[in-house]
Amino acid sequence: MDLRKLEQKLRQFAAERDWKQFHSPKNLSMALAVEAAELLEHFQWLTEAQSALLDSAERDKVATEIADIQIYLAMIADKLDIDIEAAVEAKLESNALKYPATRPPRQR
Amino acid sequence: MDLRKLEQKLRQFAAERDWKQFHSPKNLSMALAVEAAELLEHFQWLTEAQSALLDSAERDKVATEIADIQIYLAMIADKLDIDIEAAVEAKLESNALKYPATRPPRQR
Amino acid sequence: MDLRKLEQKLRQFAAERDWKQFHSPKNLSMALAVEAAELLEHFQWLTEAQSALLDSAERDKVATEIADIQIYLAMIADKLDIDIEAAVEAKLESNALKYPATRPPRQR
Amino acid sequence: MDLRKLEQKLRQFAAERDWKQFHSPKNLSMALAVEAAELLEHFQWLTEAQSALLDSAERDKVATEIADIQIYLAMIADKLDIDIEAAVEAKLESNALKYPATRPPRQR
């Protein structure tokens, strides 16, 4: 998925519905947190093992929550002119320094 | 960003650190919700207008939270074998039906 | 409200429904976060001013979310044998030291 | 704990610090969600069994998060003139109807 194209698409979608007025980063961060909690809700009474073995109907619902989170994340990044890809790359590099590998990478 | 490649990278990163045992969808959904709240925290005492006008230092911190959310989202999708791109496309189509445009798309 | 009595009541309620097995502090913290997000959801597209002026139907819904949060909070505290009242008193004292008053208390 | 007295105390505390301007229900619901996520964070990588067996230092930190949640909950209720005790009573009654007991209350 090209996240930049997604952001553009979402911007147009909001403009065509007069939603732009609601989409401050503050409001979007609330909407994102709400969606993250809806994802959480699917797993709250499951054991960790059960959470890895969803049936097909449940997996579809979880996929929809994941889509909602991805959509709001792209909208916030777009509003604040943040490049998600660059931010992820920077974070991965910083994680690699912070948490050195404890076992060698597998041969491939 | 190719989300599939990101998922593969994150899978390898976790394997090299013996973290796989912690990464049940249940636990990852908790970690995602925690990161979503850290994003929320940046905006909680700002007005909506202020939330759109972050200074450079604050914007960098927000970018890091956005990266954390993107990373955990990719990890959960990978664990549950959910295709984020397909889920987003399906959601956008369903949103377009649910919320018809109230104004015509702009000429381009 | 006597929070201790509430905790006792909730413990009995869970026991009579065989729910005890689900009520680990981990799971309860997830349920609490889900309820906190449901509260958030009521306010996400409102301005700050609007959020203070709920109509009666909306206020009733918000009251129910607040009750849910209070209930899960009491359940977690009970499970971990934490005294909410003592914890609140300690926190208020620490806040008073951390954030000195900037204006004198009003005469009453 | 008398929640009404706590609300009064918190109102005074905010007034003495000129914080009233920040304390819209919208903002307070964000602060509450942030604190709920901080509680979540303590449990995210623990098993359910481990989450019930915190050591003393960790239990103290969890108690502080619980206090923060209780404080923000009281503040929101106060702002919206919602009676937490009445809301909890109503919710418990509605839960008792919705989820009938599956085993008799224990003899006491």
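Note that the chains take the letters A, B, C and D in the order they are written out, and that residue 1 is the start of every chain.
We adopt the following convention: a contact is a pair of C-beta atoms (placed from the backbone, for glycine too) under 8 Å apart; a residue touches a chain by one contact, two chains touch by 3 or more.
Only a predicted model underlies this, so the values are computations on that prediction, with no experimental measurement involved.
K.L.:
Any chains in contact with both subunit B and subunit D?
P.N.:
The shared contacts of subunit B and subunit D, listed by label, come to A, C.
K.L.:
Of the pairs B-C and A-C, which shows more C-beta pairs in contact?
P.N.:
The greater number of contacts lies at A-C.
K.L.:
Compute the distance, rounded to whole Å, between the mean C-alpha positions of subunit A and subunit C.
P.N.:
Chain centroid spacing, subunit A to subunit C, equals 27 Å.
K.L.:
What whole-Å value do you get for the distance between subunit C and subunit D if each is reduced to the mean of its CA atoms?
P.N.:
Averaging C-alpha atoms per chain gives centres 2 Å apart.
K.L.:
Identify all positions of subunit A at which a residue touches two or more other chains, and write them in rising order.
P.N.:
Only 27, 30, 33, 36-37, 40, 43, 47-48 qualify.
K.L.:
Going by the contact rule set out above, which residues of subunit A touch subunit B in the complex?
P.N.:
Per the touch definition, subunit A meets subunit B at residues 1, 3, 6, 9, 12-13, 15-18, 24-27, 29-30, 32-33, 36-37, 39-40, 42-43, 46-49, 51-52, 54, 59, 62-64, 66-71, 73, 76-77, 79-80, 82-88, 90-92, 95-96, 99, 101-106.
K.L.:
Applying the document's contact rule, which stretches of subunit B touch subunit C when the two form their complex?
P.N.:
Against subunit C, subunit B makes touches at 30, 33, 47-48.
K.L.:
Can you tell me which positions in subunit B touch subunit D when the two form their complex?
P.N.:
So the residues of subunit B touching subunit D come out as 22, 27, 30-31, 33-34, 36-38, 40-41, 43-45.
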